[in-house]
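In what comes next, subunit A is part of two complexes: it sits with subunit B in the first one and with subunit C in the second one.
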Partner chain A sequence: MYITDLKAISPQLTYDNELLEGKKTTHEDQVYNVIEPDYMEFIPKGLLRRMGRAIRMGVGAGLPLVKAHSDIDAVVIGTANGGLEDCIKFLNQIVEYDEGVLTPTNFVQSTPNAVAGQLALMGQNRGYNTTYTNGGLAFENAVLDAWLLFRENAVDKLLLGGIEEISDYNYNIDSLAGHYKNEIVNDEDLLSSTTKGTVCGEGASLFVLEKAPAEYYAKIEDVEQITYPTELEFDDCLELLLSRNNLQVDDIDTIMLGYNGDSRHTPWYTHLEEHLIPNANVLSFKNLSGDYRTCSAFATWLSAHLLNGEKAFLPHIELRKKHEKEISRILIYNHFDEVRHGFILLSK
Partner chain B sequence: MGVISAIGNDVSSSLSLLQAAKSGIGKAKHFNSKYTSSLNFGEVDMSNEALSALVAQRTEHGNPASESGLSRTTLLAYLAFQEAINQAKLTSVDLMSMDTGFISSSTVGGMSNTDELYADANMKGEPSEFVTSYGGGEHTLRVIKKYGIKGFTSTINTACSSSANAIMLGSRLIKAGRAKRVIVGGADSLAKYTVNGFNALMILSENPCKPFDTTRDGLTLGEGAGYLVLEGESTCKDKIKLAEVAGYGNSNDAFHPSATSDEAFGPRLAMQRALASSGLQSTEIDYINAHGTGTPNNDVTEMFAFNETFDSIPPYNSTKSYTGHTLAAAGSIEAIFSILSLRNNELYASLNCASPISDYGTRPIDKKTAKELKHVMSNSFGFGGNCTSIILSKS
Partner chain C sequence: MSQTKEELKLELKKHIVEYLNLLDIKPEDIKDDEPLFGPDLGLDSIDSVEMIVLLDREYGIKINNPTEGRQILVDVNTIVDYIEANKK
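Moving on to the complex of A and B:
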């Protein structure tokens, strides 16, 4: 399956592709908020007012694609938490009004499949429609579903996306659980940090995938995942992915890794780049996006542009250079919490 | 397959109540909400402590009560999952194989601990034990850890069609050769969150729900879990095949976030796609386990969709009149009940329907009836316009 169109709302200037010209936006806080476009240009005001943050971002990035591709056969979304801000707003009403008379808007908006539903509604798309909420593998699950749909000849073209919002509430919850740094680290120093915790990001990255297009950005070859692996099982999982695609380790020239500056998370990435794929160039992405459960969708957005030969932003994410070869195959590896590990394989 | 709901803690006790036309809906005893005095619920009649003790009795993993941040949703999932793998005789080697998958679903997930979530989200005091347990995929992760599942795992949330979509995805994974066996289903427990949400939408009935009745005035919330073990031909040669997943279809109604269109585009397309994928004619469907929530909107649009899809509407019922609406778990629980009909060649009564919708000259099944069944359909429609239909056949 091939990426033929894509749109991202991220903590970088991605909506109008200014990042692709090399223009990086600096973040120096624990929270990397997205830079939102002027939604009013294409979402009716009344509707926009009722949309929670995740829906606004998802529809904001997805609707231009749905409008430009009226022949989309399916919508497949990954979002670990969906509209969590609406969820907690509704929860706060429940507790503060002691289960009194409540307004349902927040409740309906908090359903994680509200984004996929809203995109179907606004695009009048009655095709296959689904939403994965599997934590740090929600986007990888969606990629596999897309892979299956093409293999089944069920679709010619579909919309794939990964969406996550930051709300005060999920920041609070993940913060209490120890996900974020106590100290302020700017994005230049994030990846070399040796303390616990990372920074909190958000974003919506959406893709139009096609079966056999004449022109495209990149090919998504395959996806693989494992949960609670031992190191040996992790190694076997990568080997399974490579052998299924008839690849040798050195066929992968570039690896994009989820390094996030959390000392607890680093060993998995180091293991992969030092022991499993030692000859590939190493790229990062979380210094641009912050960390969130579906950020591998943003890594996919970056990879698609790199494989399309757009490289002006490369200096911002180059970690280690082992060779001078052109980028022709990228393996994205990410985990959010050392538990769920995902691989996405893309090529030229 | 394994199931727990208001009509029983396992498949055989559920079958007895379906055969006896005895609903599990009534006043809640364990669920804590302001609405327990005024509303009826399809509650699993066991405390969390009793559920934990039953897990300890059924599994080799000890009493889960000592697990920090354990939700009722997870307890229900443990029980149905264990029954399902027992019946399919899956070994721990099977479960840990890379070609064994697990696809679950939940809408409420760990948010069943509503009060703790409120405190943690608003940073009131020290973190509660549930602070890492609110995600929709939390119960999935705990099952994965307990049973050492390494292959493809997923959590789906398409609201009330979630576990029907889990059945669909599991079947597709096996067909594509990405897995040899997949355990599929869902779990949801009663929660202040959903009770207040549906109440705010004014679609909860004060009485036990009355699917397809002209005086129906809303749904009854329930809780439960249901899991099915799907295996490809190659791995289940010597096993009892309970049924075949013959077809499935999904469509988005593209009309409204929380209601079905008058034309029932989504339900019709879901049923048509399920028929097309099974290769069956509509006349070959012997019974429909309807979505049948008992809301004014659902039942009239689903009936319209039946009439458009079938020359002659097959016998239909709503087993939500026994269990209440178990949300993400409804698709898998109702698939299990459909398989019970299929295997026993019995149709079970749809309850609380004294004055049926008569627009199409038909009414839901009114009493337990013997009928030779070959192919049955189960419908699940959810918020966000998500509609799924599954066809199960005798194997």
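Moving on to the complex of A and C:
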């Protein structure tokens, strides 16, 4: 399946593609909030006023694609938490008002499938519509579903996305669980940090996928995932991914790794780049986006542009250069909290 | 000191803007006799449920009969009249 169009709202200037020209936005806090476009320009006010952050981002990035591609057969979204802020408001109201009269908007907007539903409604799309909420593998599962739909010839064109918002609630809970750094680390220093914890990000990255287009940004060749692996199981998982695509290790010229500055998470990435795919150039992405459960969607957005020959932003994510070959195949590897590990393989 | 009718109207308008998250609309922009569900404010059926929640939470008024609701939720004047007549 091929990426033929894409849009992202992220902590970088991605909506108008200024990042692609090399303009990086610096973040110096534990929270990397998205840079939102002026939604009023393209989302009706009557709808916008009811949208929480995740919905705004998802619809904001997805609506231009839905409008440009009226022949989309399906919408498949991955979001671990959906509109969590609205969900918590709703749950708090149940307690505060003793299960009395509750406001419907917070409930409607808090369901994880609200983005996919809203995009289908706005695009008059009556096709397959599914949302995956598998935590740190929500986007990988959405990719897998898309891959299966194409394989079964069930669709010719599909909208795929990964969306996550930062809510006060999940930030506080994840902070208490030790996910985030206690100290301020500039994004330039994040990946060399040796302390525990990372930085919190958010974003919406959406893609139009097609079966056999004449022109495209990149091909998504495969996706794989594994949870709670031992090192041996992890190695086998990667080997399986490569072998079923008839690839040798050195066929992967570039790896995009989810290094996030958390000293506990680094060994998995180091293991992959030093022992499993030692000759590939190494790229990062979380120094641009922060860490969140569906951030591999942002990595996919970056990779698609790189494979399309757009490289002005490459210096911001280049960690180790081991060869001078053109980028023709990228393996994205990311794990969330050492539990859920996902691979996405893309090529030119 | 009890609240005057004009103060109650302004308070209600502030609640409407807050509960319905009306963008680009200030409380003073809403006219007392402007139909709430007309083309200007652009409210819809979900907003009518939000309004019922608003009246319950802020004024202790419950509207259970849909027909009654249609007569009350016409404009700020009709709602304020109903609040004054029924506020607990």
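Going forward, the second predicted complex is superposed on the first by the 348 of 348 C-alpha atoms of A that agree within 3 Å, B and C clash if a C-alpha of one lies under 4 Å from a C-alpha of the other, contacts with A are read in each partner's own complex, and residues count from 1 in each chain.
Keep in mind that, in the parts below, a contact is a pair of C-beta atoms (placed from the backbone, for glycine too) under 8 Å apart; a residue touches a chain by one contact, two chains touch by 3 or more.
The model shown is predicted, which means the values in this text are computed figures rather than measured ones.
Student: Once the shared chain is lined up, is A:P213 touching subunit B (first), subunit C (second), both, or neither of them?
Tutor: neither
Student: Please tell me which partner, subunit B or subunit C, touches more residues of subunit A.
Tutor: Higher number of touched subunit A residues: B.
Student: Have a look at where A:P64 lands relative to subunit B and subunit C in the superposition and call it first, second, both or neither.
Tutor: In the superposition, A:P64 contacts neither subunit B nor subunit C.
Student: Scan A:G127 for contacts with subunit B and subunit C and give back first, second, both or neither.
Tutor: first
Student: Is A:K45 in contact with subunit B, with subunit C, with both, or with neither (first, second, both, neither)?
Tutor: It touches subunit C, and subunit B stays clear.
Student: Just subunit B (first), just subunit C (second), both, or neither: which does A:L102 touch?
Tutor: After superposition on chain A, A:L102 lies in contact with both partners, subunit B and subunit C.
Student: Quick check on my understanding: which residues of subunit A belong to both its subunit B contact set and its subunit C contact set?
Tutor: On subunit A, the overlap between the subunit B and subunit C contacts is residues 101-104, 108.
Student: In their complex, what parts of subunit C are in touch with subunit A?
Tutor: Residues in contact with subunit A: 19-24, 42, 44, 46, 49-50, 52-53, 56-57, 62.
Student: Within their complex, state which residues of subunit B touch subunit A.
Tutor: Result: residues 33-35, 98, 107, 111, 114-115, 117-118, 120-123, 127, 131-132, 134-137, 140-141, 144-145, 148-150, 152-159, 165, 169, 172-173, 175-176, 178, 192-193, 195-197, 199-201, 250-258, 265-266, 269, 382-386 of subunit B touch subunit A.
Student: Which positions of subunit A touch subunit B when the two form their complex?
Tutor: 75, 80-82, 87-88, 90-95, 98-99, 101-104, 107-109, 111-114, 116-118, 120-121, 123-135, 137-138, 141, 144-145, 148, 151-152, 169-170, 172-173, 176-177, 225-229, 233, 236-237, 240, 339-340
Student: Using the touch definition from the top, list the residues of subunit A that touch subunit C in their complex.
Tutor: Going through subunit A, the ones touching subunit C are 40, 45-46, 48-50, 97, 100-105, 108.
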